[in-house]
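Some structures to go through are shown next.
You will see two complexes here that share chain A, one where it goes with chain B and one where it goes with chain C.
This part shows the complex of A and B:
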């Protein structure tokens, strides 16, 4: 037991305590960073009010659309990078390059690219860039997010693909599978665990993403990109309503847990099957 | 050699690790006597960057170097933090027992810092100094008082001016406007003639940076129509006639085509960058940004400033008066040295250095200093000072101003571009704000 103690203390300090503290804050009215009075679920009434549900809906659009683009893209690129072609190392470096760019730098770079007046792509937009409209702004946010996160998907998929035995693929081809059938019925099931872990990782990453959203769109225009994580940040550290911000964080935490458990159950169920 | 780790030793090791980590984290914050030679190490957190291209940053570095060289009791070290993040960083740090010894605070954010407990009153230190220099302030130093206590020392004045790019107006054959209605027409003419590539008159409606650019226009416009955003009783009052007229004027710019939806992505920085890049022809922007903007390629004297045209010919729009202040960190261990630095910062010599960088000094007497009176930008500085003295309006900035400005700019987006009714849009935000204040 004593051997576990330092680890337990560390986990308690960096995980359990902040979660418990956020839960406590979320049921208090706060002034700046201090608790003032216990108000029960009032902060959650704000988060789960009409505006809050709109935030939740936008969060789902952002997370699901990003996943639907990033995972297939990452897998497709991993398949390409897994082939023995010339300059494969160069391709790997180029494809994985966005991974080393910070969210702030990526946001500022794309903000410039998408500027309708002086950005390099301004000819496409006629004075008003995509960030000027609600849907254009959300679409841009998703594209930039995918651009930033597909390398992670690519790396994990590539590592998984390299564990698929060549004999297994060859056997499927001998048995009459087309390359497409071989891919979907042999390779994908073999790397299913990795794919699910990837989906869990990206889901948590997207749900909690603040920097990119804050820097690229700030939640606008017309609140069209205002997602839960951004509101948690704004309420806590721009408006200093730390109680409301904590309530947003708790809702995010619950969503993370729900999705994480659901994915794990799917993974476990398939493996058991 | 082997070390036997029994249960007791492990517990002691764990406790020692935690204690060391705690001590380390505490030591990492706030002031200390790092050198061990009795020299107080003072941390100054500011939005100015001494290593950047902004002339104000270079002036800051000269002042800090001057202070450090002028005495041996304290050494000031500058930490530069983006202006949109500095307030949050300071309040968070102060609430964990750390934070800076000296902090630069923009006046509208001062109440938020006081509520957040990140600064401390300086009445005791400033008493004698104010008795001598207080009447020298261009605008009442009381603007930095919260609940009767002086919380900061204003060191910079700023006014909001009408900016235009002379070269762009000339290119499209547009003459500088003398009224707001003329500004609407001029802006529309420029944007149309440029094929929508140049924003004729920019009013940033982005909710980034807390909607600051919009508020910097809405506030003086409301004052120009005889109202106020926040009334003397602390309640929001912008949904009255004056606020409605101000909002209608903003919408008029959009309806006439002086700006398009591109302003939805513009905050104060983007508007100024647009002026630098030649994609914004006219704007209302702060005096403090003039020097940096003129230093951009191709700008120089093409950027012309004047008092903002009024509602009718021959009148000028009131200008909001705000500015940067210097406050004493709540957790400083060296208040005497901090105060010494604040005095040095407000000295005629330091103020003259900032004036050369395009900053409007806060003390009247500084304008008579040879270094200011003979400076190349002296004529313009005096014009700004006179505008401030004649048409300056000190606004009320409550602790939750950030949230109010963000909500107002979101409402403005809908009223300007989404067909929302103006009185209803303003009333909704006003009622919500006043309800929350209760």
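This part shows the complex of A and C:
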């Protein structure tokens, strides 16, 4: 118990206390770093107003599309990297490489790659490049996000795949399963808990992602990539509306809790069954 | 995007085309060693994915080796006509980037040490001892790793200013450690649980204290886990932008990711130099990754598979 104490104190100081403080800030009108007056739900009215709902909708588009691409891609690559073919170790290092790339660096590199005038892909898009339209920049943001996060998915899936007993797969094949059937009916159920943990980790990561959005698109053009997390950051540190920023943070935090708890329940339910 | 699609489509396609009615022996063999057609499909998928992975990196590398005058030349050349190191020279000798790198090394290394010193005892006690409220405490630790960084940024900023630690290494190290401790506790607990408790019992029988048994017997066995935890924390600090940009405004204390972004906004888009700076930043990460890849994969997986 005593061994636990330092970890608890540090975590409480840097995570729990600030969350409580953010809750307080979110119901006050603020000027710079001072709370001016209690205004109840007004800040939340801003966040959950029409502009706020657009942010929330964009957040869900971003999170769901990224998940739908990153998880299957990560799993498929894990399946390929689990095969006994030559150079597989080399392929593994190359394919997992984006894992060490930071969001800032990824944003800079992709910005340059997708550059409408001088980038090597400009023939593909024509005109100004994808980052100049609202849909194009959301699509680019999702692709870059997937590029950054599929290695984590691949790593976790690969580790899980290696725990699936080979005899079990062979047995299913002897019983007449096609490779596809044995994949979906034997392998996927076996690694289900890893897949769920992966989905939790990625969902939380995507919901709270600020750096990539800020450095790649800055929320633009025309707010086309303005997501909740980015707005929490911009309101607080660029427009210095700390109260509104705190309200954004609280909404984000609640979403985190809802998803976190939902996933944990799903996980526990499946493990018991 | 096209690469992503081929990467996932290829294996499914080849899988469907393999005859499924073959003799049981044939099927069993193909589960171990793929047939030639399927192998081709596997290689195609792996190559496409590798292309997707390295495309932005290669384009950056190519640009960083071009003289400034040809960076914006059209048509686009992947392999520079004239190779030059002038961009690297500018970055390494005439910019803030080396200082930023030094700052990042200092803050990352200290954060790794602090995180391990705090997380190791917690993880070990979670793995070995039973005490009241243990499940609750573990759940609490896991939950705090779900507190979004962005949600507590404002209060922390306020606290840092109040406590007079704004613009210091200290504030970054404390925040980074606090945010990494839950994850690392989670990962290390898995490692400690995989070490048989009999080893310590044998040590105790031989007259070691509990602490002695832990330090001399368990810790050496947990080295792979500690290594993975150290790398995960190091990469996290090295790559963070949010904390580094919020809690430090002094240019002399800037970490590398902030330095890079400042480079972009300060000098306009001098892509040759910027990509050279990016390559300089990436190099230590890529070397570390290539060297420790297997250990890292093991560490990440251990953390995730212990539900």
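One rule holds for everything that comes next: the second predicted complex is superposed on the first by the 266 of 273 C-alpha atoms of A that agree within 3 Å, B and C clash if a C-alpha of one lies under 4 Å from a C-alpha of the other, contacts with A are read in each partner's own complex, and residues count from 1 in each chain.
Everything that follows uses one rule, which is that contacts are C-beta pairs under 8 Å (C-beta built on N, C-alpha and C of every residue); 3 or more make two chains touch, one makes a residue touch a chain.
What you see is a predicted model, and the numbers here were worked out from it, not measured in a lab.
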Chain A as common anchor, with chain B and chain C clashing or fitting: clash
Which superposed partner A:119 touches (first chain B, second chain C, both, neither): second
Per-residue touch tally on chain A - higher for chain B or for chain C: C
First (chain B), second (chain C), both or neither touched by A:240: first
Partner chain(s) touched by A:79 [first = chain B, second = chain C, both, neither]: second
Touched partner set for A:6, first chain B, second chain C, both or neither: both
Contacts of A:257 with chain B and chain C, given as first, second, both or neither: second
Contacts of A:22 with chain B and chain C, given as first, second, both or neither: second
Contacts of A:105 with chain B and chain C, given as first, second, both or neither: second
Contacts of A:206 with chain B and chain C, given as first, second, both or neither: neither
Partner chain(s) touched by A:62 [first = chain B, second = chain C, both, neither]: neither
Segment of chain B that clashes with chain C, given the candidates 5-13, 59-67, 95-103 or 257-265: 95-103
Touching both chain B and chain C, residues of chain A: 3, 6, 13, 33, 117-118, 122, 214, 237
In the complex with chain C, residue positions of chain A that touch it: 1, 3-4, 6-8, 10-11, 13-19, 21-22, 25, 33, 69, 72-73, 76-77, 79-81, 83-85, 88, 91-106, 108-110, 112-113, 117-120, 122, 139, 143, 146-147, 152, 155-156, 158-160, 163, 166, 169-170, 173-174, 176-180, 183, 193-194, 197-198, 201, 204, 207-208, 210-211, 214-215, 229, 232-233, 236-237, 242, 245-246, 249-250, 252-253, 256-257, 260, 267, 271
Chain B residues within the chain A interface of the complex: 7, 10-11, 13-14, 17-18, 88, 91-92, 95, 112, 115-117, 195-199, 205-210, 260-262, 264-265, 274, 277, 279, 399-400, 402-403, 406, 410, 413-414, 418
Sites on chain A touched by chain B in the complex: 2-3, 5-6, 9, 13, 31-34, 111, 115-118, 122, 126-129, 131-133, 214, 217-223, 234, 237-241
In the complex, chain C residues that touch chain A: 1, 4, 7-8, 11-12, 15-16, 18, 20, 24, 27-28, 30-34, 39, 42-43, 45-46, 49-50, 52-57, 59-60, 63, 71-72, 74, 76, 78, 118-119, 121-122, 124-126, 129, 131, 137, 141, 143-144, 146-159, 161, 174-175, 177-179, 181-182, 185, 235, 238-242, 246, 257, 260-261, 264, 271, 274-275, 278, 281-282, 285-286, 288-290, 293, 296-298, 300-301, 304-305, 307
